[in-house]
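Chains here go by letter, A, B and C, matching the order in which they are written, and residues are numbered from 1 within each.
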Amino acid sequence: MLVFAQASNGWSWDMEYALEILPAIASGLLQTVVATLVGITIGMVLGLVLALLRRSRLKLIRWPTSFIIEFVRGTPLLVQLFFIFYVLPNFGLTLSPFVTLVVGLGIHYGTYTSESYRAGIDNVERGQWEASTALNLSSTTTWARVILPQAIPTVIPALGNYLVAMFKDAPIGVAVAAGGILLAATSEASRSFQPVEPFTVMGLLFLAVSLPAALFVRYLERRYGYQRA
Amino acid sequence: MLNANQFQSFLDGAWLTVQVFLLAALLGTILSMIFGIMGLSENRFWRALARVYVEVARGASAIVLIFFAAFAIPIILGIPPRIFAAAITALGVNMGGYGAEVVRTGIQSVPRGQTEASIALNLTVTDRLRHIVLPQAVVVMIPPYGSLSIEVMKGTALVSLVGLADLTNRAQNLRIQRPVIEAAGGTAPSSVVIFGTALVMYFLMSQVIALFYRWLERRVGGRWYKERG
Amino acid sequence: MAISEPETTPTADAMVRLRGINLIYGDNHVLRDLDLTVAPGEKVVIIGPSGSGKTTILRVIMTLARPNSGTVEIDGRHLYHEERSGALVKAGEKHIRDVRTDISMVFQHFNLFPHMTAIENTMLAPIKVLGLSKGEARSRGADLLETVGLGAKLDQYPAELSGGQKQRVAIARSLAMRPKVMLFDEVTSALDPELVGEVLAVLKEIALSGTMTMMLVTHEMGFAREAADRVLMFDHGAILEDGSPEQILRNPEHERTKAFLRAVLAH
C-alpha cells in the first residue's frame, strides 16, 4: 500500500518541485505511450483472429470463442493482469511486467476489436461474396483480396477509439510494477511525501496526450464514416 | 479451493464493489443528466461548459482521476483523506463524461417533427419534454448506458490500488497471504483459484447488469419500440 | 356530417390576416412584405414551386418560424404582438400560446407520437391543453377516429399503420383541438399514390361539410378544383396570383403560373 503523509494547512503549490519531476513523469508518459502502441498492435491482430474464429462453421470453435470474448469483456482488466502475472508462472510462463501489461491490454482490447471487425465484415454486401463464388475465387483470395480490403477501412474509426481507450487504461501497469506514468508519479510521491505535484503533473501530461488523440479519432470518424460495433 | 472464511472475505469484498459501483453510478447518472441537457442549451456558455466537462472527464482516465482524488485533492483542500468518497467521486465524474454524451445524443435523436407536432398542438414545453421527447429519448439511451454501467463496474476494481478492500483487493491479499498460510501448515488456494474465483464473480456481476438493462429496455420500450421501422 | 366545428364562432371579418410579413433566412429573402387575408370558413389552396416560401407561410402562422417583421392576426387577435396601454408591443410566450390555441397543423411526415396508440395521440393535447378529462378526451378522440375511418385502429401504434392511416390519425389529432384554422403542409406528398385518395377524401369531407378555415399547401390540383374557394400561386416569397380555382387553374395570367401548372399537371 502507498502511504502519503497528510500535509498540514497552508499547503501551496511547489512549482520548483513540479518542474524538477517533470522529466521523470514525462518519461513515464512515454513508457505508457509505448505500451499502448504495442498493446494496440497485439489487440488489432488478435481481434481479427477472434473475429474469423467466431465465423467458423464448427460449433466447437465458435462457442468457446464467443464465451471467451464475453468473459474477457465482462471482467476487469486489472484482475486479468493479476491473473497473467501471478498464475501463468505456475504453468511455466513468467512474463516481465511490461510484457504482462501489453499482453493483458492486447487480449482485453482484442475482444473489443473483434466485435468491430465482425461488424465490418458483416457489413460487406452479400453481393461481394456471390460475385467471388461466381468468379470461382478461392476462399483465401476472396478473404484477402475482396472482403477484408472492404471491411477493414470501416473498422478504422473504431480502432482509433480503442487506441485512445487503451491509452487511458495503460497506466494500470502500476499494479504489476510495469513502467508508466502512474508508476512514475506514485514512486515520486512516496519518495518525497508531496503527492500533489506528481499527480497533478501526471494528470496534465495525460490530458495533453489524450485530448488531442480524441480529437484525431473524431476526425477519423468523419473521414471514414462511423460504424458502431 | 477457497475455504469458507476466504470465500466470505471475497463476498465482503464483492459487497464493497457493489456499493462503490452503485454510488458511483448514482453520481454519474446525475452528472450525465445535468451536463447532457446543458449541452443542448441555446446559450453558448452552457454548451461550452458542458463540452469542457465532457472532454476532461473522459480524457482523464478513471485511474488517473482516482489517484488524484484520493491523494492530491485532500491536500489541496486541506481536508483529511477520505478514500471511499474520493474513489466514488472519481468514478462518478468519469462516468458522467461518457453518460452526458449518451443523454445528449439520445435527446437529439428524437426527430424535430415531434417538437413541431407538440407546438402545433399547443403543448407547454414541460409537457412536451415529459410526454413526448424524454420517453422517446430514454429508450434510445438504454443500451449504451448499459454498456457504460458495465464499464464502471469493471472500473471499481481500480479502487483496490488506493487501498479499498474490494473484491480485487481481497484476492490480492489472499495471494500475499499464501506463504503465511503454508508456513502455518495449511494449504493455501492456488493463484488460479484465487483470481479465477474473482474473475467469475465479476463476470456474474456484469451479466446481472446486462440482464437488468435488457429488461429495462423491454419495459420502457414495449411494443411500439420493437415494431418501429 | 360536420366533423370540424370550431369551439366558438369567429368574431372578426378575417380569420387570418398577415400584414407586411418579412422572413429572411441567411441570404434568402423567403417571404417578402406579404399581405394576406383569409375569411372565416374559407378554403385556400397554396401552390408554387419549392423554395417559393409557401410552406413558410404556414409555419409562420403556426409559430414554427418567426417573421422578421410584420403582424399576424388570428380571428381579430394579434399573434406575435399584444396591446399594452394602446400600443402594440412584442408578445410574451404566454400570449402567443393563448392565441395559438385556435390554430392547428397537419404535417407532410405525420409526426405522430410513436410511443402512443392512435387514440392516445388524439387524447394528449385535449387533456393537457384544453383541460378535458380522460373520459371526455377518449370519447372525442374515438369519434374523430371513427369519422376518418379508423374506428377499428384505436389501439394500434403508428408503426402498425400505413401512411394513409397515419395521416388520418394526424388529422383526427388536430381536429380534437377544435381549432378555428387548420393548416395542411403537403399532407399527401409523402404517401404512396394508392394511399393519397383516402386522405384527400377526409380533407374533402372537412372542407365541404363544415365552417373550418383551411389553408393547404398541396400539388393535388383535383382537390383544389373540387373543394377550394381560392387558389394562391406563390413565387419567390410573394403572391403572384390570387383567384378562384377556375381562374387560376384554367386561365392563369402569369407565365410562371402557366409553366408551373404545366409541369405539375404533366404527372
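Observations on the model:
One rule holds for everything that comes next: a residue touches a chain if its C-beta (ideal position, glycine included) is under 8 Å from a C-beta of that chain, and two chains touch if they have at least 3 such contacts.
Just so it is clear, the structure is predicted and the values come from calculations on it, not from any experiment.
Looking at the partners of chain A and chain B together, they share no chain. Centrality by C-alpha centroid: the chain sitting nearest the overall protein C-alpha mean is B. Chain centres were defined as the mean of their Cα atoms; on that basis the chain farthest from chain B turns out to be C.
Contact analysis places A-B first among chain pairs (by count of C-beta pairs in contact).
Once the centre of each chain is set as its mean CA position, chain A and chain B turn out to be 20 Å apart. Between chain A and chain C the centroid-to-centroid distance comes to 56 Å (mean Cα coordinates, whole Å). If you average the Cα atoms of chain B and of chain C, the two centres end up 48 Å apart.
Against chain C, the residues of chain B that register as touching in their complex are 111, 113-114, 116-117, 119-124, 127, 131-132, 135-136, 139, 222-225, 227-229. The residues of chain A lying in touch with chain B in their complex are 1-2, 4, 6-7, 9-11, 71, 74-80, 82-83, 86-87, 90, 167-169, 171-172, 174-175, 182, 185-186, 189, 195-196, 199-200, 202-203, 206-207, 210-211, 214. Taken in their complex, chain B has these residues touching chain A: 55-56, 58-65, 67-68, 71-72, 74-76, 78, 80-81, 150, 154-158, 160-163, 168, 171-172, 175, 190-192, 195-196, 198-199, 202-203, 206-207, 210. Against chain B, in their complex, chain C makes its touches with residues 62-64, 97, 100-101, 103-105, 107, 109-116, 124-125, 128-129, 157-160, 170, 173-174, 177.
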